[in-house]
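First chain written, first letter: the chains are A, B, C and D, and each begins at residue 1.
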Amino acid sequence: MSVTRDQIVAWLEESATVLMANKELLTQLDSAIGDADHGINMARGFTKVMEKLPTVADKDIGNILKTTGMTLISSVGGASGPLYGTFYMRSGMAIGSKEELTDEDLFQLLKTGADGIIQRGRAQLGDKTMIDAWLPALDALRAALDDHAGTVAAVRAAVNAAEQGVQDTIPLQARKGRASYLGERSIGHQDPGATSTFLILKALLTTLEDD
Amino acid sequence: MKKLINDIPDVVKEQLEGMAVAHPDALSVHFEPNYVYRADAPVAGKVAIISGGGSGHEPMHGGFVGMGMLDAACPGEVFTSPTPDQMYEAARAVDGGAGVLFIVKNYTGDVLNFETAAELAHADGIKVQNILIDDDVAVKDSLYTAGRRGVGTTVLAEKIVGAAAEAGYDLDKCADLCRKVNMYGRSMGMALTSCTVPAAGKPTFELGEDEMEIGIGIHGEPGQKRMSLTSADEITAMMTAEILDDGPYSRTVREWDRDNAEWVDKSLTDAPFKSGDQVIAFVNSMGGTPVSELYAVYRKLAEICEARGVKIVRNLIGPYITSLEMAGFSITLLKADDEILKFWDAPVNTPGLRWGA
Amino acid sequence: MKKLINDIPDVVKEQLEGMAVAHPDALSVHFEPNYVYRADAPVAGKVAIISGGGSGHEPMHGGFVGMGMLDAACPGEVFTSPTPDQMYEAARAVDGGAGVLFIVKNYTGDVLNFETAAELAHADGIKVQNILIDDDVAVKDSLYTAGRRGVGTTVLAEKIVGAAAEAGYDLDKCADLCRKVNMYGRSMGMALTSCTVPAAGKPTFELGEDEMEIGIGIHGEPGQKRMSLTSADEITAMMTAEILDDGPYSRTVREWDRDNAEWVDKSLTDAPFKSGDQVIAFVNSMGGTPVSELYAVYRKLAEICEARGVKIVRNLIGPYITSLEMAGFSITLLKADDEILKFWDAPVNTPGLRWGA
Amino acid sequence: MSVTRDQIVAWLEESATVLMANKELLTQLDSAIGDADHGINMARGFTKVMEKLPTVADKDIGNILKTTGMTLISSVGGASGPLYGTFYMRSGMAIGSKEELTDEDLFQLLKTGADGIIQRGRAQLGDKTMIDAWLPALDALRAALDDHAGTVAAVRAAVNAAEQGVQDTIPLQARKGRASYLGERSIGHQDPGATSTFLILKALLTTLEDD
């Protein structure tokens, strides 16, 4: 099965919806080990994305993703702005002018985006960041695709892995971002950025399931 | 919350408007994206020095825009790093052909947004370099973390590198000097009270009548430890010791490789202060502490430095890098060689710092 | 009480010691009696400008000692006027033969102590004159009372008359200029919080979370009225109106008649501001209010002045005449003619105010 | 009867004693309509006077009084410092090198001193200042001496008049000094400076009665 341009647009819309629905949760998580603004930042960014989307909804997927990245970069600020912004910019560049994606394209989209985050933020697995959601999700997705699971099933596997990754951030001591200033006091709290990453992947699943 | 403000969403915008009408000779303000820039920018052939960060630290950075210091400053929301389009647009506005140096305080958000801005500027053919300031000795371990925060040394670096650019240093020499200043400077801060972010409406943390917070950053974040309030002499002695006794500090910073258009890691280690060092001593108010109290601190600081064989050859005393109305202070010591002193003494004419002009 | 101090009886002394070690090039400090004086005093042939008053208003007055401003400053205990021996000894130390001008804020204690000092100096053959600053429009009636308090205009007068003395004005011309500056200047202050005199240990007055005090002096004394806190724009509009709408002001001041060695009464009346006036606008922090908030105030002040046809040709924004750590601000408008502007723009080099040098 | 140099010294000592004994009262009166330091100021000043007195106790009366005035001027500050300082300076000048005072000398001492205060402070009767104690006292003293009352009786009359004068300051609105900033809010409070003047005169009476 393939993922259409309209489904990508629907994914971004669904992402905005779930992130805003979880604004309080993300901010509250950030207040424990950060500066209590992650939900506010993500909501501000995706509100802007929703304003921009109509102007590019009929363009190719690369264009849509790059516009999303640029919009996040220029509206969020903080650490998550350039990180998520880079995710969409890089994935957009990888996909280029395609208007429909194979499963392999979808994997490349997510993989290139996540690699961009790693390159930018230099976080490794276990640093208590969004990377702790992205990497397990990508491994699960890769494995599922190799087992010739369908798109939806593969993405579901990725989402479940991300959810587990979020849980796994709780016992970690932060080594990147604001939380790292807290040293040991960062242990025992769930990472807000990993949580928002899980929500974005869940939004993708919801979108694909709808069809 | 008791502040002289109007609607909370307008706080930063209105303060910038006030700066613009107050100092038309020194600077102008561009809105959307927001940046403060030198009235006479771009200065042809001069390296442009740009800094920025969250608002709430005034006069830094906007108040340091002008002859001999910054060409532009990019203010984010209160305590929130600015977005790359601000630094990118500012760079385009003030680049005089000799390139742009971004002076970046080491907070993940600031670092990443300035890096993105550098890439955008580079793509436009602007020569660019990013130098980090990470001088806060209150943050200990650094190897696998975001490392030390950028605090007081930022002000001194902006003055010194700004003067060097004015004197004709090229981009690489400005970057080298800025890196040196950062490696020569160390800071430590404390708070007598918390501060209130307008959007939050209540103090970021609570402090008892006889408590103080030691080792704070500049965003109202809690510090290294909480202690019961003691005398100015004891507090000054404790903080000065933290700075003077701090060992070698190693970290990996990321700088821009213009030729290969990629980020390269640089490992830097700076040496502790030692007897015989000459220093610039900077006693800074966090905003709510009056200058009179800073002089009581400076008196003790000078006494300790003398006893430790560290010679204070210049000083700066007052509110320069603040946390809104927070009461408290920070001490920054910057090892000063002839190059640093020459540019420290050079004329500067900004709303926040002025001499020789 | 949260302050960076040691033993309460030593507060003023230690702050003065800090100033002395911090600024040896600009000033020196004499103890018992206490006065701060220019490092290069006496300046032969130059009229010496001396001011003073209670401590707690830093940087005023000690921070304004240096080239182009004060030759000496006499600090009393916190909020208590100094004693005549301080001004007398300071006068002897800095008189360069051209005489001494005492700039005196109009509080009974300050006035009487400076008058006694003038008599003592005169008896020593020092040419001396006292000029009062009484610019606080919050004090209304004056005919049979101690009259208006001296506040913000004091800072501007010290700068302007200091420059005139530097330029060679003789004692009478300095006195005439100082008198004119006082008659051209009007101020109004407000407080968001009280302040705490170290010896008292608790705030001088209590203010609720949503209350403010309008028309305060600079000693933490309650003001004209208490109101509920409102927006920066409304507060600025209200205070600017108090200044611009204030009618003619008459009072009798006492000046020294050198020839007959006696005090003579002078009746002075100054005119209200009118459309077409050029002014120097001074937005001052009471100590605890950060400069960022002052810019929001300045923005509105500039808007109002423009609408009223009053042209702001220069400005000064920051903490210059404070009440310890009090949060709040004051506005001073000074009608500026060419003579005043010329000396305002002249170089000044003091710890608290510096430009052109 | 005549007043000796030793009695003048005793008067100053007694003044110090009563002013310190009433330090709280004077400060509390000042806190209502001033800045709560009058008792502190007077105590500080007369403590210094007590330190100085032994060095001049064997000098002439004029010298003793002038030294007292100089000491107050250089140690009190505030409004009362130069005012009381002027009182003793001027009275000392008036008395000069005398070592013993006639009743008329004593009147001149007090009169010249009070005139000095008026000259310096420009307060009139009814301005709610120390003058409201000095003037009634001088009138009563003058009248008593004209009636050929004895020294002690005449001074007692002066003290009673001063005490009445202090009471009379209560309904007044202050027109001089710090209290004048309060306008009508100064009404209903007793003036601290008038009170200290009464105490100083009372000290004189005590001293003369002791012999």
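Here, contacts are C-beta pairs under 8 Å (C-beta built on N, C-alpha and C of every residue); 3 or more make two chains touch, one makes a residue touch a chain.
Here the structure is a predicted model, which means the values were calculated and not measured.
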item: Distance-maximising chain from chain A - centres being C-alpha averages; value: D
item: Inter-centroid spacing, chain D versus chain B (mean Cα positions, whole Å); value: 59
item: Distance between the centres, which are taken as Cα means, of chain B and chain A, whole angstrom; value: 33
item: Contacts with two or more other chains, residues of chain C listed in rising order; value: none
item: Pairwise touch network: line, ring, star, complete, or other; value: line
item: Set of all touching chain pairs, with the criterion as stated earlier; value: A-B, B-C, C-D
item: Complex contacts: residues of chain B adjacent to chain A; value: 33, 76-77, 79-85, 107-109, 112-113, 115-116, 139, 141, 144-146, 149, 200, 217, 219, 221, 254
item: Complex contacts: residues of chain D adjacent to chain C; value: 35-37, 73-79, 81-83, 85-86, 120-122, 127, 174-178, 180-181, 183
item: Residues of chain C defined as touching chain B within the complex; value: 2-6, 11, 14-19, 21-22, 55-56, 58-59, 63, 192-193, 209, 212, 229, 231-233, 235, 287-299, 302, 315, 317, 319, 322, 324-325, 327, 329, 349, 351-352, 354-357
